[in-house]
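Some structures are shown below for you to check.
In the two complexes that follow, subunit A is the common piece, with subunit B as its partner first and subunit C second.
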Partner chain A sequence: VIHLYAIADALVPEPPPGIDGAPVEQLGFGGLVAVVSRHQGGLARTTEMALAHAQVVADICAAGSALPVRFGSGYADAEQLRDAVAESEPRFRALLERVAGCVELGLRARTPPSASADRVGADDGGTEGEGAAAPEEGSPEGAAQGSGRAYLERRLTEQRAREAELVRSRQRIEQAAALMPPTREAVMRMGRQGPEMVFLVVRTDVDGFARAAGQIAEEQQLLLTGPWPPYSFVEDAGDG
Partner chain B sequence: VRGDLPDLPELTPLGRASASSDDMGLVDLLDRVLDRGVVIVGDVTLSIADVDLVNLSLRLTLTSVEGPTRRR
Partner chain C sequence: MAESEPGWELAAELDALLERGRAIDAKPEDVQRGLAALVLTLIDFLRELMERQALRRMDGGDLTEEEIERLGRTFIALNERMDELKETFGLTDEDLNLDLGPLGKLR
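Moving on to the complex of A and B:
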């Protein structure tokens, strides 16, 4: 199976070794280059493999301008990969232009908002009494009905708390980001750690931006992460 | 984990977890490599279910996984 790391518009000089030390190959398709390695029977879908993929992608993106590919793209043969790349070529070209010479940094809450909102919900003890009063021994259906309403109310309370928390978190991040130096692009998105503002920053500006933005993030009790390959700026249709 | 958070995360070269980085950097990295990045529509591309599998194992192994750099 051919495992895909990145799409570039030129050969990447001195590509790093691939996952498990497999040699990295650069397959030219039209004007695009697919950076790949070959593996017997595909790669295991584990965290370790995802991290190994990320490492190779990071090295490729450090060596040249390339689009980081999400973990998990495998192709039976070069022909299949070529067809897939050809189909998306206009999109890739637009994206390569968008992120050329750039990395991304992220700004998010230190604690994922959903986690704290969950705690708020869990601390809300008012609904538990109702649920506890209902159970009839040996009658799971009755217990379920009795606690069903309380359960749903609790879930609703939790969900509202979570939404409010997300809105607050997003606002805090936006306010902090407004104080930061301008970047080529800044986009708010939802990540696993809650709302996150991602900044597309020209490589040569990264140090300056990180210093200024890092200070603001610290003052606002937020977390600035990166620099990363521009993963967050290569997933849309690149209509810009 | 929260208590160990540094005031300012170490800026690391292009998405690598640094030697001193904690699980937080790892989560951000996995967030990117699993949920973002170029997706090419192809028959062999992992299905959503497969990616969920990765997420599942992520939760189980997150505390024990070492940053990629440390393995070098």
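Moving on to the complex of A and C:
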């Protein structure tokens, strides 16, 4: 399996070793370069593997101008990869131009708003939920009258509280971001850790930006992360 | 990149599972557990979608008292059943969240 790390528009000088020390190869496809390594079978989808992948990608992006690719892009052979690259070539070129010489930083809440937000149903619905609402529990059919409504109402209240929290979190981030030095791009997005403002920053400006922005983040009790390879600006390209 | 859409891909998950199953030292119970995690994740995802829809309709006044009660109980029962299945297969909520590291989570 050919494992893809990044797409570049020129050979990346001195690429790092790949996952498990596999040699990194650079396959040229019509002016674009796919930075890959070959592995027997698919790579295990573990956190360790994903972290190893992220490290290789970070090294590649630091060495040259490249589009980072998330962990999990495997291709059966060079042919398949070539087709995939060819299919997206105009998009890749536009993205390469967009993120050329840039890294990404993120601004988000220190503790994600309701980290368990989407999991509440499974987490407490089944246990604490009917336990509280239906004293006799066991079979839901035998539960106290009104327990079904009580459950849904509780879930509705939780959902509203979560939504309000997300709005508040977004506002805090936007206000803090407004105080930060201008960057090439700044986009608000819904990250895994809640609302997040991602900044596309020219590599040479990173130190200055990180210093100024880091201080503001500190004052506003927010978290500035990065610099990362510009994943968000490569992936969110479709929806701007 | 064509395959690197953010989020989660059933095909890729199934491939990985199959790949693991083909390994010389593969244990059938591990593969079974992996498949159970996938299936339960999907069920839980659907349950959540349904619940959101139910809440929306309740909020919009589209449901009768009786329907609300019945739906609420259905979700309670579903949650219970999910917990049972998770226990049977020795899975935690984290397993169902399919943590793929930097790749992200299903939800």
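Convention: the second predicted complex is superposed on the first by the 207 of 240 C-alpha atoms of A that agree within 3 Å, B and C clash if a C-alpha of one lies under 4 Å from a C-alpha of the other, contacts with A are read in each partner's own complex, and residues count from 1 in each chain.
Criterion: a contact is a pair of C-beta atoms (placed from the backbone, for glycine too) under 8 Å apart; a residue touches a chain by one contact, two chains touch by 3 or more.
These numbers were taken from a predicted model, which means no experiment stands behind them.
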item	value
Touching partner for A:R110 - first (subunit B), second (subunit C), both, neither	first
First (subunit B), second (subunit C), both or neither touched by A:A58	first
Partner chain(s) touched by A:L223 [first = subunit B, second = subunit C, both, neither]	first
Subunit B versus subunit C as contact partner of A:A210, first or second or both or neither	first
First (subunit B), second (subunit C), both or neither touched by A:Q159	second
Which of subunit B and subunit C A:G41 touches, first, second, both or neither	second
First (subunit B), second (subunit C), both or neither touched by A:Y151	second
Subunit B versus subunit C as contact partner of A:L4, first or second or both or neither	both
Contact residues of subunit A, present in both the subunit B and the subunit C interface	4, 7, 45-48, 50-51, 53-54, 67, 69-75, 84-85, 87-88, 92, 192, 235
Touch list for subunit B against partner subunit A, complex	2, 5, 7-9, 11-17, 24-46, 50-51, 53-54, 57-58, 61-62, 65, 67-69
Residue ranges of subunit A touching subunit C (in the complex, touch as defined)	4, 7, 41-42, 44-51, 53-54, 67, 69-75, 84-85, 87-88, 92, 118-119, 121-123, 125-127, 129-130, 133-134, 140-141, 143, 145-152, 155-156, 159, 192, 235
Of all residues in subunit A, those that touch subunit B in their complex	1, 4, 6-7, 45-48, 50-55, 57-59, 61-62, 67-76, 80-81, 84-85, 87-88, 92, 95, 103, 106, 108, 110-111, 191-193, 206, 210, 214, 217-218, 223-229, 231-232, 234-235
Residues of subunit C touching subunit A in the complex	1-4, 6, 9, 12-13, 15-16, 19-20, 22-23, 44, 47-48, 51-52, 54-55, 58-59, 65, 68-77, 79-80, 82-83, 93, 96-97, 99-105, 107
